[in-house]
Structures are given as structure tokens and as C-alpha cells.
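Dropping the structures in below, format is C-alpha cells.
Both of the next two complexes hold subunit A, though its partner changes from subunit B to subunit C.
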Partner chain A sequence: MTYVVTDNCRGCRYTECVTVCPVECFHVDDAMTYIDPENCIDCGGCAPACPVGAIEPDYRLAADKKYWIDVNRKRATETPVISARLPALPGADERRRALGR
Partner chain B sequence: MARTTVIGACPHDCPDTCSILTTVEDGKAIAVRGNPDHPFTRGRLCVKVNNYEERVYSDKRVLYPLRRVGPKGTRQFQRISWEEALATIASRWTSAIAEHGAQAILPYSYLGTQGIINGLNVGDPLFNKLGATVLERTFCDSGSCTAYMMTIGHTPGVDPESFVHSKYIILWACNTLSTNSHHWPFIEQAKKAGAKLVVIDPVRTRTARLADWHIPIRPGTDAALALAMIHVIIKENLVDRDYVDKYTVGYDELAERASSYTPEFASQETGIPASDIVKLAREYATTPPAVVRIGVAVERHAGGGQTVRAIACLPGLIGAWKHVGGGLLQLPIWAFPVRWDVLMRPDLQPEKMRVLNSWRLGAALTGELGFDPPIKALFVYNANPMAMVTEQGKLERGLEREDLFTVVSEHFLTDTAKYADIVLPATTQLEQKDIMFSWGHLYLSYNNQAIAPLGEAVSNTELFRRLARAMGITDPSFFRSDDEIIEASLDWSSPVLAGITLDDVKAKGYARLNMPAPADWAPHREGNFPTASGKCEFSSTIAGGGNFVVPLFRQGYNGDQDATPVDPLPHYIPPNENPRTAPILAARYPLSLISPKSHAFLNSNYGNLPAQTAQAGEEQAVLLNPDDAAQRGIVAGAPIRVFNDRGAFEAFATVSPDIMPGVVVAPSGYWQRSNRKGATVHVLTPPAFADLGRAPTFSDILVQVSGA
Partner chain C sequence: MTGSVANENRIAVVGSGPSGFYTTEALLRSGVPLTVDMFERLPVPYGLVRFGVAPDHPKLKQVTTAFDRIATMPGFRFIGGVTIGDDVSIDELRKAYDAVVLATGAELSRALDIPGEALPGSHTAGDFVAWYNGHPQFADLRIDLHHETAIVIGHGNVALDVARILAKTADELRRTDIARHALEALAESRIREIHVVGRSGPAQTRFTAKELRDFLELNTCDTCVDMRNVSSDEFEPPSPDDPELTEKLSLLRAFSQAAVTKPRRCVLRFRLSPVALRGRDRLEAIAFKQESGAVEDIACGLSLSSVGRKTTPVAGVPYDAHRGVHANIDGRVAADGSVIEGLYVCGWSKRGPNGTIGTNRGCGIATAEAVLADITHRRPRSDTPDALLARLTGRGARIVSYPDWATIDAAEKRRGAALGKPREKFVTIPDMLAAVRA
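Let's turn to the complex of A and B:
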């Protein structure tokens, strides 16, 4: 099992998740964060910390979001670890409101 | 829609005792999350508890009293009223007492919930008053506690938060990321500040993978390593002579004892290269502050007690206690001023009690122990022994006895509850209130009740009020309210509670004990050990009284202790079962088996729930080294049989160099139905006790593995 970052992160990237992760399993690119499933200890701290509800445990993902498991796994090997919060992406707050959050 | 947030605390037998926020909407708990304000647990829970509401509302919950209507073990039950359940229990217990005496009744429990009022001791007053058989509960850390007490006394030891100041951290038999995960950020912070992290574990665990140095060790040989470290530290003049002279006793005897435990000897026993043992000893002794965190697993073999004795000598030898972040961390539970006597009520006991050790339940029920009177009535709560206790085959036969009257109070129809004559519905933590100690941090916690009990479930406190009434007890102390018990359960005049009120703890959910801050906590800078001598006892004063189990684990009873003579100096007792000590047995069963905690289960808790079994794997897996698998023609995913003279279970194989050759790993906590052929790993574990405190010897067994 692992927690998984999904599409709501894209375009927001608040990176609140990074501040609660005890094992530095978040990776980042220009668009969003990803969780390294090999390091995730399933503590779940990141899920409620995310302002846009982008993070869920893999077993709870809807069928049309399951592909994010593979995306996270792959991108975690291709992107650097992020260990401190970054500024949110421009337009994040508007997008957050659009998401009803 | 009324939405509220209720502050609670995790009930599980885990060091972390997390602060939990439960969101309640119109009387229903809709979500739980970690409390971000808690300084130790910091807003995180874990894979076991993240979806606790799904445990609460599981359609598998037992919500009403049940009576058995089919053969034992077939899960055929019918709903009855609490009145009928209590009347049946009272009638059966009364007739058992009349016919055989009260010792024919046996309570069986541990820490299915570890709240102070609903946990370890909630049933003790009733069973002490009845004069039932005492259950000696040496499930966890009992050998370690005896050894720790013999060496440095009941000190909280190093504050887990002080680890941020440590420069050399040894996690010894402790998979922090799976079983103590809220401690990790403090270790991580120390690492970032330059500390070296060493993990000693037969398995390359999640934690070992993140260490600077993982030292794989053969199961049950840890004392050889610790004694060789002592040997090197003394031989190479790395001893803190000033500290040893002022604050320890028995140095000369220890030096003489350690002289034979050379790195070469320890290497043969442990499988660790002698040069690594020397390096470990040197680094540990010369990188202050140095700290050792021992896990529960370190006691689970023939010499488990003396292992903890040897490890507990190390900080005194190098003067580690002088530094903040230096010393030993075992169980900081000793810091909490719990009034155990008020909870256990040993004053109610008849002068002479009969004691049964928790690991001998099967042998007691089958009659093998020759008990007179035999056990005729068994009352199980806070425990699932069928899944977790040694000699599972015997236990199954014992629980099938038609003349045994078994009552089980539970959340679910567990492997044990299925044998019950009466099943009683127990509340989960959201449906009850409690006050909590921790054995992994220094915060007192309060669990506010979040929702009304489901169905007719009752808390353990209410259960024992009802049982006392049904048994005709009139002593008003048996009928105190939960609030009254909470108030009475702690010594509020203790300095560590100065400035802390119950109302504060209720409102905030937690309070740090009134002790020095983690940056200032060095309790043994100048000795002050709570031992007979006031010093760290390399040579133990109380060893002269022989082996014992701390009375806290025996309903407060201190009679009929084991009392086997104990060597006052730490020494190495090799495993009962390994290829070096038992070569004839090893010819048939060449592999050592260990059964550590599963990442997703808390002992057998969650072994039946979908989210956690999805994480752990629906079915029991056993990890083998690629060499051992290849020799047996076993490939990953293959069905396998694991067996010894005590029994067999079936599982599927996982294959990885994460485990050293010669050792196989079967994570525990699976229920019988998750194991092919319906037996868990404990069908193989032995009844033998470790040398001290009657700890189990789960990590001291030989098995063979074959394709199934």
C-alpha cells in the first residue's frame, strides 16, 4: 500500500504534504508532487494536510484514478526529493476555489 | 447538520499513543485524523488507524450479546439479552466456584485496548476478589522489564524527544518505521545534524534501509554482541572511569566477566564480522551523546533477559548518561504516576493465589499442566490468544472442551471468540472515555468519548461493573463511574503532574508530564538510578532474589514467583534452537524463524479488516533469502509449508536478500483464515520462557520450509 498524489495537485502544488511527511518520500516537478511508494510508510499524515484533497491511499482510489499509482511510482524515480515547502503555483488559490475547496 | 471535532487518543498497544481528532456529524464518526498540535505525534496516525471509523462501523462488529448454538468453533451464535448473558455467566461461575473453587476461573487479557481504565488492569479487582487463577501476562517486555529493573531500575530513561541531540543512535531490534513511527522524525532530525544511525536487526526492514549502517544479526545472539562491545570498550580503555567510579557498582566483576567475550567469539555466534563488532564498540564509545533504543523483540529468545542486562550496562560504562540524548530508551511508561494498586486491588486477593503464565494457556486448558482444580471457566477480553499464543494446536483442543465455559468480550468474532459460549460486545475507543499513559513518549493523553456506543456494546469498565453486580458484589468501589476511576487512577500530587489538571487534559487531549524539557533531560548525569544502590548495577543486587515477573503483569500478586537463581552479572545464553546449539534438531529443521509485527496490523488487530489486509497482503507471506529459496526449489509467490515438530502452517513465499541466509520471516497478526490450512505462525512457536521475566521465545525456533 501507499498514498498517491492525484490530479488535484496539478496546477496547485501547495506542497503542504512535504511538511508532514516523516520519511521524505515526496518528489516534485514543475506541475505537482509524487509519492515514492517504496518509502511511503502509509502514515496518512499528508492526506488531510493537502488543501485540495489530492492525496489518497491507493486502495481508496476510484477506478478512473488508479493510473496515478503507476504515475507516482514512475515519476518518483525521475524527479528530485523535495524536503521543504515551495511557494504554491501561480493561480493555485483560484484553482482551489474552482475545486470547491 | 451538527459537526464537531472530538479529541481522543489511540487505544492500541503501541509506544506512540497518538492524539486523534474525530469528526462527528449528527452523532456519527465520519473521519479520524492525527492531531497536528501534538508535539510528538504531529498530526499523523498510521496505516492501522487512519481509517479507524471503518473498524467502528464494520458490518462484522459484534454489537449484541451472543450465545453459542452450534458446536464450538463453528461460529454459530444467537443474539441474547445482556440480562440473559450476565445471568448465565453468574450461574456458571457460581457453580464452578461451589464445585471446584474460585481457581477454576481464569481471566485472560492483555492490551487490546491500553487505556488506563479500560486496559491492562480493568478486570483485576473482580478476579482478585473472587480468588480466581492469576494470569501472569508476560506478553511484552516482561523479560526486558525484569532485566532493566535489575540494572538501572524503573527510570523513564532517555526522553524520546531528546534523540534530536544524539550523535550516535543504535536502534536495536526495533523497526521504528513500522512499530514506533512517530519517533522517526526525531531520529531523522538527529541524522540531519550529523548523527550516525545504526540498526541491528536480522531483517533489512524499512528502518534498516534508511540507516547509515545496518548490522544483520542471527536471531537470539544479541547478548554476545553486547558483551563483546563491553569487552572492546574495557580492553581499549574507552571506559568513562569517572562515571563508572561514582555511579556504577560491579565494574571489576563485569570486566572479568567480559574478558572471555571476544569479538571473535561474538562473531561466531552473531554472524557479524569481528572487525565490525570492534568498529561498532569504538564508534559507540567515542561519539557522544550515544543512545540505544531497544525494541521488544530483543527479549524473545532463551537469553533475552541477560541480553537486556548487557545492553543496559553499556551507557553506564561509557558515561553516556552524562549527556542529553545519551543513555538507553526502553519504556518511558515508568514516568507516569499511575496508581496501579488502585487499579489492580491486590488488597482484595486471598493470601494464596494460583498463577498461570499467559503463554501456557493451551497446556492449562488441555490438562497437561495438571491443574487441580482444572480450569472450568475462561473469561477473555482485550486479547485474541488463538491467533497470537504459542502451542496453537493445544489451545485449539483446549478451547474445544465441552466442559469449559468460555466467555469472550470482543469487537469481532475472532479466532478465539468463535469458541465462546457467550460473546459480549465491546466498545471501540470512539465509544468510550479513557485516560492514557504512553510507553513511547512523555505525554499523558485523554480520550474523550466521540460517539454513543453502537448496539449494546459496553466499555470494559461497564462490563466489569455489570459482572460484579451479577456476582452479588456490594463493595461500592466496584461501581465507581468512569470519571471517578480516571480521577483515582493517577497520583495527582506527583511532581510530574504539577500544574496539570484533568480538565486541561480533557480539553487539549494531552499534557506533557512536568519534567525537564527534552533539551535538558539527563536524569542520570549524576547517577540517581532507582535501584537498591542508587547506581547503575553491572552486578545486580536484586538478582539474588531470583527470577521474577514485575507484579504489574500479575494483577499485583507477588507470590509464587519463578525464583530461579539468576547470575548477578550479564552473560550470554545461546538460543535453545539454532544450528550451533541444537545441531541434531537443525539437521531436520535448519532455518531460524522470526515473527515480527506486521506493518499493517497491531498484533492481531486489523488482521480481519479490508484496508489493512490489502496493505499486508490478503494471505500470510513468509520471507526467505534467495539462497534458501533456491536450495528448496522455491520461487517467489509459490505456496510453501513451514513446519517443525510442534506443527505446520502454509503460506506463500516472498524471496529477497532483505533477510540473511538461514533465517525466515513470518510477520505475525494474521488470523487463522488468512493462512492456508487455518493455522498461524504460532502453531510453531515454543512454550519455553526466556531466562528472565518469563518472556516468550518466539525468535528462538528452528523450522523447515518446503514447497506445499
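Let's turn to the complex of A and C:
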């Protein structure tokens, strides 16, 4: 089992998730964050911390979101770890509103 | 040990649970020249990760590798076996350090404050957890499992932890790091029925879906919902946008419909408030009030109340009795609204007992920021850490270092390997210290 970041994170990237991860699982690129499944200890802390509901445990992903498991696994190997909060991307607040959060 | 730079800030962190480690990490990563001495009452680190987190959740315990990594950062020192407020007063500590950060957790279980709580057979979940996890202060607690029925009061994750441990067979626990005395007692357990009783409804439960899912996988215990006081509509999720609550309610619905075939049963009960524990010489039943006002007695021989915790006050530190934490304003200890210079708090002793392990990381980072913001205009110290430690040793303290802990750790793992367990904990302080000398 692992936790997985999905498309709601795209273009938003409030990094609330990052500071609550006890083992620094989060990786980041220009678009969004990814969880390294090899490191994740399933504490479940990040999912409620994300203001746009982008994070789910793998087993709870809808069928059309399951591919994010592989995306997280792959991108985590290609991107740097992020251990502190970043400023939200420009437009993040609008996106948050658009998602109804 | 670090060579001392004249201008270096010396910081004491009190407590080696998650919040102590994450505050330390944020301080040592800041780039400000400083060292951290982490004081811990016990000879062993990790706080509730060692003595709280359930033995059958080994993956979560891997978080200790993050703590061990923090402990290798230059400027860090572990000072185990020293109780602040007892072996050293808070004033003595503040004289020797530029800043003191309390990370002492929430060690006291909250009482129900109803008649009969002192009856034999009545315990707090906190004591039961500390017992099965081999906390030295609780290793010789007597938990009498020779009864058919146990009642767990509360609907949080700790309630589910203790119910699940009671529901498991010795074979399901044998390969965990559960303390030997607890495994032996649980192997002889006669508990057949475990009631997990909350005072509100299914949607108000504080436990998480992930913890409830564990109940799908018990070898000899069925989980069911007692539908008195609950209607099946309540399992309908109020909003599709809350996958966590949706999953929790659908699990509860499944439990309410499941066939009961296994020898043990775990029964979830709702909307019952405890009013008294009854019994002549020992616990015989717990009386609960329903929302209608009617009182129902549930017979039982063991009660574990799991209704929260509070911080142990430290002599000389103002206490917020209402919240059950060291009185503080955003991590700065404060008496009657005015901040006490150089004294800080983080983790459960700052926020109270909520959140996951990682919540203490964000919390520790915030406290470290407060320490660093203030440290530029610090007051001069009248004492030094090394003089303090020398006095402590002179008073007979047996100080345990991180390398000493590594020796204890290795010995526990060796003992465990022989039994097919990840470790067999030492459950007394003399045994821990003997392992260092061995």
C-alpha cells in the first residue's frame, strides 16, 4: 500500500502535504508533487492536510485514477525531494475555488 | 560530541518523541550556529513511536529511521535517563541553555470522572497500551483477561488499537515487537466479546477508515455493529467529496450486515454515554445513558477507557489545565498571557493529543522558527551545559548517549531474532542499562 498524489494537485501545489510527511516522501516538478511509494509508511497524514483532496491511498483511487500509482512511482525517481513548503503557484487560489474547495 | 564554538547557541530539547526530533531537525538545518542536547527521561528514545504505536503496525515504526538520521546531524547529543523537573529543575536547565524546548508529550490519560473508575478491572487504554508495549513504568501492571467481556470506551484510533489487540490471537501477535509479558497474558485471554462504545453516531467517530479496515482481517474475531440507537440511513455518506468518511461509513455498513461465525466478536455501539462503573469488589458492569435518558448496564470484567490524554505538568512551567498542555502562545510558553523568555513547547505538549506522527513535523518546524526568531537577542547564560552534565553525573545520574541506545537497540533485535520478532524489548530500566554495560 502507499498514498498517491493525483491530478487535483496540478497547477496548485500548496505544499501543505510536505511538512506533515514524517519521512520526506514528497518529490516535486514544475507541475505538481509525487509520493515515493518506497518511502511512504502509510501514516495517512498527508491526505487530510491537502486542501484540494489530491491525495488518496492507492486502494481507494477510482478506476480512472489508478494510473497515478505508476505516475507517482516513476516521477518520484526522476524528481528531487522537497522537504519544506514552497510558495503556491500563481493561480492556485483560483484553482482551489474552481475545484469547489 | 561537538567542539564548542564560543558564539554557538546551546539549545535543550526535552523529550525524544516525534516532536522533539522534528524540532531538533529544523533547528540543526537552519544554518544558524547551534547545538541541540535532547534530554529524555528513559534510557531509550522515540516516545510514543516505541510506547504507543501498536506492535502490529510495523511499517509505521520505520519512521524511527528518520529519527536516527536526525541523531547523526552534527551538533546533536542525546542525554537519556534524565527527567526534567525531577533530576534537573527547569530553572537550572534554563540557566545552562539559550533556549529550552519542551516536547514532553501527553502522558496522562484523561479520566471519565464517573463513579467506580477505581474498581479493579477498570483501566485506561493508555495504561494498557504502555503495558503491551513494554513501558518500564507499566510493565508490572496486572491486566486480568480472565473474563468473557471487555468494554472499550471511546471511538478514536486508540480505542480501535486496544480493541484490535484484545481481538487478536497470540499467533497473530507473536511476530510483532509486543512485550513478552503481554503476549503471554493475551495467549491466556478468555475475552470473547469486545464492546467498543462511543457517545455519538457513526459519522462523528474520530477513528479513521484505515484503522477500521484492519478489522476485516482478524482471524478469529467478527466485527459487527449493534443497531440499537443507529439507523441504517446513517451509513449513507453526506457528501461524495469526502472519500474518507464515505469509506468509513461503508465499512460500518458492511460490519452491520456481516454474518457472525467466528469465536470472538467485536461489537461497535453508538450513542451511549458512560455514567458509572459498577461492581462490589471488582468491575461487574458499566452503566451507560442513552440519548432518551434510559440507562443500560453492559456486564463486563474489563474496561479500557480511551477518551484522550493530557500533558504531565513540569514543576516551574505554567500549565493550561483546560487544554491539558504547557500554557503557550503558538509554541512560546506563557504565564497569564505573557511570554517566558527562552522557553518553548512543541508536539502534543503544545497542541494536545491530535494528528498523526507527521503533524509533529510541521508543529516542530513552527516552534523552531519561534526559537530562531528570538535567539538574536538572547539573554546571557550563567551556567554551561557541560557543567550541568558534570553535576548531574556527580548526583548519580546514569546518562545514556545515542551510541549507548544503539547498543540497547542491537541487543533487543538479537533477543527478538531468536523468537522471530523484530525485537524483544527490555522492559525495566536496569535491564536497559545492563545491556549498555554488556
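Note that the second predicted complex is superposed on the first by the 101 of 101 C-alpha atoms of A that agree within 3 Å, B and C clash if a C-alpha of one lies under 4 Å from a C-alpha of the other, contacts with A are read in each partner's own complex, and residues count from 1 in each chain.
Keep this in mind: a contact is a pair of C-beta atoms (placed from the backbone, for glycine too) under 8 Å apart; a residue touches a chain by one contact, two chains touch by 3 or more.
Remember, it's a predicted structure, so these values are computed and weren't measured experimentally.
On the shared subunit subunit A, the superposed partners subunit B and subunit C overlap sterically. In the superposition on chain A, A:V20 makes contact with both subunit B and subunit C.
In the superposed model, A:D29 makes contact with neither subunit B nor subunit C. With both structures placed on the common chain, the touch criterion links A:D70 to neither subunit B nor subunit C. Of the two partner chains, both subunit B and subunit C are touched by A:I41. Contacts of A:E56 after superposition on the shared chain: subunit C is touched, whereas subunit B is not. Across the options 256-264, 274-282, 364-372 or 382-390, subunit B meets subunit C in a clash only at 382-390, per the superposition defined above. Within subunit A, the residues touching subunit B in one complex and subunit C in the other are 20, 22-24, 41-45, 47-48, 57, 60. Interface residues of subunit A, counted against subunit B in their complex, comprise 1, 20, 22-24, 39, 41-45, 47-49, 57, 59-60.
Of all the residues in subunit B, the ones that touch subunit A in their complex are 33-34, 36, 42-47, 50, 177-178, 181-182, 184-185, 188, 206, 210, 599-600, 610-611, 614-615. Those residues of subunit C that touch subunit A in the complex are listed here as 18, 22, 59-60, 62-63, 65-66, 208, 210, 241, 243-244, 247, 355-362, 365. For subunit A in complex with subunit C, the touching residues are 19-24, 41-48, 53, 56-57, 60, 84, 100.
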